[in-house]
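Two complexes follow with chain A in common, the first pairing it with chain B and the second with chain C.
Let's look at the complex of A and B:
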């Protein structure tokens, strides 16, 4: 097996891993096989590996071919929560999405409230459920200890063409009232694994 | 009313015997030709398999020689089809005179076949197999031969050019209307109109060049031919463009006929098959959000939150109690004003005209007011008190007029503001 084949082999293995378990967190000193994207964690000792999808070959093709997507509960509220996280963690929309900043859970809830106009109880429940779904699929990272949220490695797979839409979206989301940002004492009910 | 006979269009009365005979012969040929396509008298076949039956029957006649065949012999000669079908087709061919009695007499059982139906059949076969391409090529070759014949005259050239013009115009029209209005699938089904047709144009151009050099007076007809050729070329271009565009944007794998996909799938090795999906990842193992989907979700949330709701209302809005509706009542205010006026008059009593304090002179009230604005207000109040139904005061005017230029107001009408007698 020559070097090229070895690299192909490695790429195939990594793609399979990422396909099965989402973006992978590895030590920063390891190699990056071709066809993979390297996203440095803050601190620099660990990196996320995720796949580089060729343009026109991403999940958007599913819609084009009218094939079913993975089923997602509450797709609209989940997307809104992701938008709220985007607003809270992407401090400089002219820059790259990754790694973004860390935002407390209360701020996400407040942004979601400002976004949807739901009351606090409804918002809190929706955000808890959506954060759980989104952190499972790698769209955001939830830290149980500090009760903070930041953008997950999957956001780096958004193509450059989509970033302009996201910037527009970022600008259109209202900034929540400072007073509305409560450091909610209530616990995240359920686990976030 | 005109006396035109209804027969004029169908059978001209002044037709000579010769002409009538010629027309009958032409009609007979047409009937023979189309016999192979007839399902029953007056209708087209619905099943392409019937053509095979016809072919078998006609082949049997070719084998039979000059003696001809009876219906029973034809059935025997075509063992691959069942007897009923053969007999039915046989009768039909006979009705259309594609086969006729060897000797025209009653009870003649032997029939002979005309050759035209078989030629037509061969032609139809070729047409269905190759989409008429090679026939078109051959026609064009024939046209070219026609116009290069040494004994050809200008009329031949003109007729030839006119035929070619019509062919290409029809082709171009069909293709162009498909491109403009048809679905991509319809265009694909008619794609044989597209394949390799550059050579058709080249052939036609050769014939065109020959005509133009031999008979320069046909320049106008040749120009028409050139126009229809160009239109056809354009239609090919735009049809090809449309097909490519469809294939590029929709990944409509159905653009190729199903048979092509089948033979590709059957005839290719795993390696070849795998290359088809090179560079394609359709998989979304986890939920995926496109930027557009995010924006839409946020937008819909905003719309839902932005709807202005009607303020809550009671379940059963009852009409307000009519008895409860009372006009704003200033009776108390007015009463106190009236008492104040009367009391003031009593306090400053220097006339003995009102011993009871029951009335006051309007002129006195106004002269004591001081300025016009107050006068006006007092007058208005007194008028209102006078008119109020619940108050027992009245304003009585008399004819006198008090004029004094030194005072303000300088003149006043005499009158009394008085308590009503109960």
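Let's look at the complex of A and C:
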């Protein structure tokens, strides 16, 4: 392999790794492979790398072509939990989404409750399941130790036009009462319903 | 922040050689085969029907470590390039936990390997219409039912298994089929899977001996040993 072929191969490998395992956290000193977006992790020593597709090559094309979308379990609750995380972690919607702030799990549950009107038990179960699904796929970051949630690097790939819709959505999501934010015990590997 | 304007450093070298219309058609086909959970019928997209555009599409996929796969006579999907998949696997990039891989293998044995050995499932595909009952999965393994349920849930979310739609007759146990992602296998990957399964299921058969001879003894001993304990 000559130098050009080696470079092409390394780029292909990076894209395949991110397809297989989601956005990758790497040392900030390293280079950014072609076509990847670089997102600084708070602290400065590490960055997330994620792929950026050209316009017209993303999953939105499936709707235009009337092709089936990937199946998502509990799509409605999963979307509402992502909305609750957006409300809790995107403190200033006039600014960028990334990196956002950290929010305790109890706050996500309380925001979900305020959004859906579900009771605490139902909300807790729905949020546990959705947080697991969303963190597998890189839409949010779950910290088991501190039991906190942040927005994941995938949110940074939303286009500017999508952000204006999201800002409207953000404004329509209610803020939960302070009293409703409980410090609930959370075991992510337990309940799978 | 998606790059909707300007030249994309990975895609442009291929797209730049195409006219405006062909470029849009190739990009749409790229999105369809990469993101659709099912193979895409070629009747829906000119870049899948036309052999010249299909070559551009395959070149585009190749730049991101992927390749175009024909499914049946008239549908297409995409998969990892064999060389890329080999390198990722070698470096330990398994995206599935071990227990999920074990459950997936059980579904493939019941739904594909057994019907194929009986001659009721032609071809070399790893999809099938022969359901695997949940009870068969539980009887065939020592995996705890809660772990089994969690693994099946993850495999379903990944499109690697699918639930068989409820058939007539209430009270039947759940049944699973290999999921649509199993279409995303290159001919070489399908052959490798077939060989691994023969080494696992019948390590002392003449067929297994032939596979070992072709691969060299180191690989075969490891394959047979892993198979015996799986």
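Here, the second predicted complex is superposed on the first by the 177 of 193 C-alpha atoms of A that agree within 3 Å, B and C clash if a C-alpha of one lies under 4 Å from a C-alpha of the other, contacts with A are read in each partner's own complex, and residues count from 1 in each chain.
By our rule, a contact is a pair of C-beta atoms (placed from the backbone, for glycine too) under 8 Å apart; a residue touches a chain by one contact, two chains touch by 3 or more.
It should be emphasised that the depicted structure is a prediction, and the values quoted were computed from it without experimental measurement.
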item	value
Chain A as common anchor, with chain B and chain C clashing or fitting	clash
Partner chain in contact with A:67 - chain B first, chain C second, else both or neither	both
Touched partner set for A:109, first chain B, second chain C, both or neither	neither
Chain B versus chain C as contact partner of A:131, first or second or both or neither	neither
Partner chain in contact with A:59 - chain B first, chain C second, else both or neither	both
Which of chain B and chain C A:151 touches, first, second, both or neither	neither
Which of chain B and chain C A:141 touches, first, second, both or neither	neither
Contacts of A:11 with chain B and chain C, given as first, second, both or neither	second
A:34 touches, of chain B and chain C: first, second, both or neither?	second
Contacts of A:47 with chain B and chain C, given as first, second, both or neither	neither
Listed stretches 110-118, 128-136 or 272-280 of chain B, narrowed to the one that overlaps chain C	272-280
Residues of chain A contacting chain B in one complex and chain C in the other	19-20, 53-54, 57-59, 61-62, 64-65, 67, 69-70, 72, 133, 158
Interface residues, chain A side, partner chain C - complex	8, 11-13, 15-17, 19-21, 34-35, 37, 51-59, 61-62, 64-65, 67-73, 133, 156-160, 192
Parts of chain B lying in touch with chain A, wherever the complex brings them together	250-251, 279-298, 300-302, 304-306
Interfacial residue positions of chain C with respect to chain A in the complex	1-5, 8-11, 15, 24, 27-28, 30-32, 34-38, 40, 44-45, 62-66, 80-81, 84-85, 87-88, 93, 95, 146, 149-150, 153, 156-157, 159
In the complex, chain A residues that touch chain B	19-20, 22, 53-54, 57-62, 64-65, 67, 69-70, 72, 75-80, 82-83, 86, 115-118, 133, 137-139, 154, 158, 162-163, 165-166, 168-169, 172-173
